[in-house]
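For reference, the structures are reproduced in the following blocks.
You will see chain A twice below: alongside chain B first, and alongside chain C after that.
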Partner chain A sequence: MTDSTKLIVSHAPFYRDACTVMKRSYLIMAAALVAIIPGLLIFGIPAVGVCALAVASAILWELTANTLMKQTPTIGDGNAAMIGLILAMLLPATAPWWMVITGTFVAVIMSKTVFGGIGGNPFCPPALSAAVLMISWPHLMNFNGMLVNYDMAWSMVDPLINAKFFGAETADLYTTTDLLMGHQAGGIGAVCGAGLIIGGIFLMVRGINRWEICLSFLSGIFTSALLFHMSNPDLYAGPIFHLLTGYTLVAAFFLATEDASSPVNTIPMLIYGFGGGMLTVLIRNKGAWVDGALFAVLLMNLANPILDMIRPKALGKV
Partner chain B sequence: MRPENERKLAVILGLVLLAVAALCYTALKPEASEEPIRMLFRGSAGDVLFTHQVHTGDYDVDCASCHHNLDDGDEVYNCSECHEAEASQDDDMMSRTDAMHAQCIGCHEEMGAGPAECAACHATPK
Partner chain C sequence: MIRRSFFGYLAARLPYETVQGGLPDPVDTGLPGGITLQIQVGADQKSLVNKKKTILKKGVEVHRGGIYGLFDEETKEITAPVSGTVTSVETRTGNYGRHFALVHIETSEEGDASPAFTEALTADAKGADSLTFLSQLPGRPAFKRLAEEGIHTVILSVLEKDLLTNVNQYAFQARKADFKRGADFIKELAPTARVVLALPLYLEAEAKEIGCETIGVKNLYPNGNPLLLAKRISGKAVEAGKSLEESGFLLFSAEAVAAAGKALRTQSLPQEKLVTLSLKNKETKLVSARIGTPVAKIFEAVGEELAERDHLILGGPLTGTSVYTSNMPVSADTDAIICHGPENMPRLTETYCINCGKCVRICPAHMPVNLLIRALENGLYEEAAEKYDLNSCVECGLCSFICVATLPLFQQIMLARHTLTENEKRAEKGGL
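Let's turn to the complex of A and B:
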């Protein structure tokens, strides 16, 4: 006897849990704040200024675009504010005001609005914007140079610069506890590993972040860093160091998981995440740039439409 | 929440944060310390991060040991004011790069402490 329910499908939408775009945006911002607040406490007033300006200018850019295009304002969905806040996580605390405003312009207008708004962007907006800033003004995204006036009880030399240019033994200057507590030079929301992990787990548990992307990204980092480290421990730092420094955790939990630019099927998600992690370490260890996380995310964004062609087989025949 | 209320919330958030940012970038901006903590020298051979405060504090290096003009009654602390990018033929002034190299390497060798090899200070790819 055949199963009569096997070929019965209901039409979309299949599932609704009353979660709106606005709710998602504000939940992501809440998770980001868990990592940003320790950064604000460490870097002080200048960091507050950068975060506030990034969120405010992102909202105002989107409102301006809506007004010029005679559209109903979309700022209510919180997406622009979220983009601004995630971009602020990547910036140094002493970023000049014009760089923050340029960054949010690139993120909101050039990375999202020109592609049709939310859901149409092929690249993760904050990642694309930070990469543009890094290429345009590398000295303003150099944490060694931007944080010279911070006198801390811990080393304020960018761990990735140390490990890349002065040998893997410099990684010993940074203990795992220090890196988790935010005792390192880096972006406002990128230094506190513990905050990022807590925020990331919250987003995965709430189903906002797909765990497949986050965990495969981190396993890509771990595996490739481990292989490099095993091949030459004097030249390449170990996997824990790579997991807790630079933009790794921000990329895993806030950049690679961006809805429109990441895959929707399970196997593509795993390939996308693992590939992103691997590329990050490859660029760090072999490339010209100190941190490869942004470029790795953007390259995987580029591969996303092709990866998503790996689909489950449809049931039945036509 | 109704869409118009969502928009109002975003506008209020944007304006409040803009005011906070304006304050942070102007009135509340902390003053930089008079004595540099660290200095980043950018060069074609790679950046050099100089730990100024560590040298004057921990290593107890006297100001005039590097800022040699202070002994002549000069009050200029910025090396670049005299040592320009190119060496001056008129007054035998060393170029900035040569002056820095002579100062750092010379002192490190004299004291038998600190690096003297290029890659130990310059951030150059391995």
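Let's turn to the complex of A and C:
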């Protein structure tokens, strides 16, 4: 039954969709750059430095881990670079170099590699890392203090700090256009609302982000902020303000949607997103922290395995 | 590889081939010099074959249209598509360790047809003997099973098993009269069963003459999947882990129904199988080949040449089997043959599942494939069946098609299912 022409044999299917992990990482990074580039223009060379260092060190950490564990290098899938870039979006432009490197260490090694690498992480790596930094060095993650040397044509007071400590009317200092254009104090990739929205829509349309998560996260923010605002307009800022400030949009499009730590079934995705949005506003308005987006994402990550047990009945099961 | 639309949030649309705007003319590959018949055997039978303890063995003469048993005279399981002499009987091991017996028959001329089928038809067209013959037709219609108890729904399907083939749509349109005759015969055989004609929407207008209850289906993969059709027709899914037959459904492909009609009309068994060829230059061709014809012979007829490192696939691109030699024969259920060069070979990677959720979205059986694969990769087959719905799989291969991490999901699933069935069989035997 044999002949001399050697054919290749493999298992079905013989067609594959053209998307790969590497492509996915690069597309996410491309979308992130849409939001980061305006940030770089605003914050200048220090911001470029932070981004470059974050990406480079994230890749190096992963490579080090691969070498130490004698694995084939996995940096080719672009996931480490992506984690580094997303972490950079959350940092202030003037973050010191050692903090950036610590941040990527926590993100790549402590939140991904120790859990078995890509797909095994229970928490969103950049979110976990930024939260660790925020708790460890609160003053270095405080945008008022860190961006004090920037003299801009607009207010460089963190809008969330203003609204939290000086009442809701300070929210009027920031027009929606300003917030969309990046005229506010915040993380490198978190200030430019318009860029984030464009990048986010791109990712949703390409089917890389699960749109259910993004949209339900945003609607969670909107609904709860609206309820707070209606209950006491003097104390609590309105929903649009919450949507466009702090880490909201980054969380909706880049953090909450991280693959391994978010659910994949429809109803869990909606609960996960909506819950994350509500927690964000709750922590902002009632909690000790200025921005609750990171903690909200991490808390929902924690609930993910349980949430994802709500799934449709498989075919023919009773 | 299929290129997907830019809008990745949409589910992938995988349309079946169609037969529209004129019927193609199938290339007849003629009488091959030698043919090979392939039947699946158990592990114990494999050694019988290897010890040459078969009835069909070297030197035995067979007649076109005659039916023979491999191990004893009673269990008739092989029809000879040609008249000739058996030259050898050997075994081969297929996917997941299944065993096949291969019977090679040499032939030089058309020869006389065996009168056995005509005799059986004249004696009783609906009798067991005649049905045994009819069950061997191209498309493997389960006529024998139909005559037994417990079949409540018969699906006559003009939909295809996989992409890149259109044999059923062709057979339905080009052999309408035979199809009708076959369908009427099926209705007579199972007077109490519900007979439903399932066909692509664009053919719905042509269904009237057949006089069956019809159901139109979008011509998109995997709508032609038997288990999914059964659910669509009865409104209730077949219980997970049970086969279509066990639940009282039978599916006859359009080609098989038409072949049965022709057999009744001409009083002889048609032995030509329709196959859609997809060649390396992306051309597709419909051919009509004697069952058992080696693929190499068909390629000769259409002028295709295989080179080293090519990929030869029997069956469709999503569920077919790739084979290692072009001596492999066309069998009664080979609807498509695909040949493509190494550049089209999908690559597998070593990454893990990244939990992107695409497989969960696309799975027509609503399975948690992302969790399932974690169990399967660690060999936890029982757990996979209990907790992660392994038994619900309808074996469409879409999860593997879509997987971003290019994991061999389908292979793992098939291997697990096969292993579990084997274990069950072994346990039953041990229990006796």
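The rule we apply is simple: the second predicted complex is superposed on the first by the 300 of 318 C-alpha atoms of A that agree within 3 Å, B and C clash if a C-alpha of one lies under 4 Å from a C-alpha of the other, contacts with A are read in each partner's own complex, and residues count from 1 in each chain.
Methods note: a contact is a pair of C-beta atoms (placed from the backbone, for glycine too) under 8 Å apart; a residue touches a chain by one contact, two chains touch by 3 or more.
Note that the structure is a prediction, hence the values are computed from the model and not measured.
Participant: Thinking of the overlay built on chain A, is A:V55 touched by chain B (first), by chain C (second), by both, or by neither?
Facilitator: A:V55: touches chain B, not chain C.
Participant: For A:D77, is the partner it touches chain B (first), chain C (second), both, or none of the two (neither)?
Facilitator: After superposition on chain A, A:D77 lies in contact with both partners, chain B and chain C.
Participant: With the two complexes superposed on chain A, say which partner A:R210 touches: chain B (first), chain C (second), both, or neither.
Facilitator: second
Participant: Which of the two partners, first being chain B and second being chain C, lies in contact with A:L235: first, second, both, or neither?
Facilitator: After superposition on chain A, A:L235 lies in contact with chain B alone.
Participant: Can you give me the overlap between the chain B contact set and the chain C contact set on chain A?
Facilitator: 77
Participant: Quick check: in the complex, which residue numbers of chain B touch chain A?
Facilitator: Going by the criterion above, the answer is residues 1, 3-7, 9-11, 13-15, 17-18, 20-21, 23-25, 28-30, 32-33, 36-40, 42, 46-47, 49, 53, 119-120, 122-126.
Participant: Enumerate the contact residues on chain C facing chain A in the complex.
Facilitator: 1-4, 6-10, 12, 90, 92, 95, 102, 163, 227, 231, 237-242, 296, 306-313, 315, 317-328, 338, 340, 342, 344-346, 348-358, 360-361, 364-368, 370, 389, 391-392, 394, 397, 400-406, 408, 410-411, 414
Participant: Would you tell me which residues of chain A are touching chain B in their complex?
Facilitator: Going by the criterion above, the answer is residues 22, 44-46, 48-50, 52-53, 55-57, 59-60, 63, 73, 75-78, 80-81, 97, 139, 142, 144-145, 148-151, 156-157, 161, 164-167, 235, 288.
Participant: Which of the residues in chain A come into contact with chain C in the complex?
Facilitator: Per the touch definition, chain A meets chain C at residues 1-3, 5-21, 24, 72, 74, 77, 116-120, 204-208, 210-211, 259-260, 262, 264-265, 311-318.
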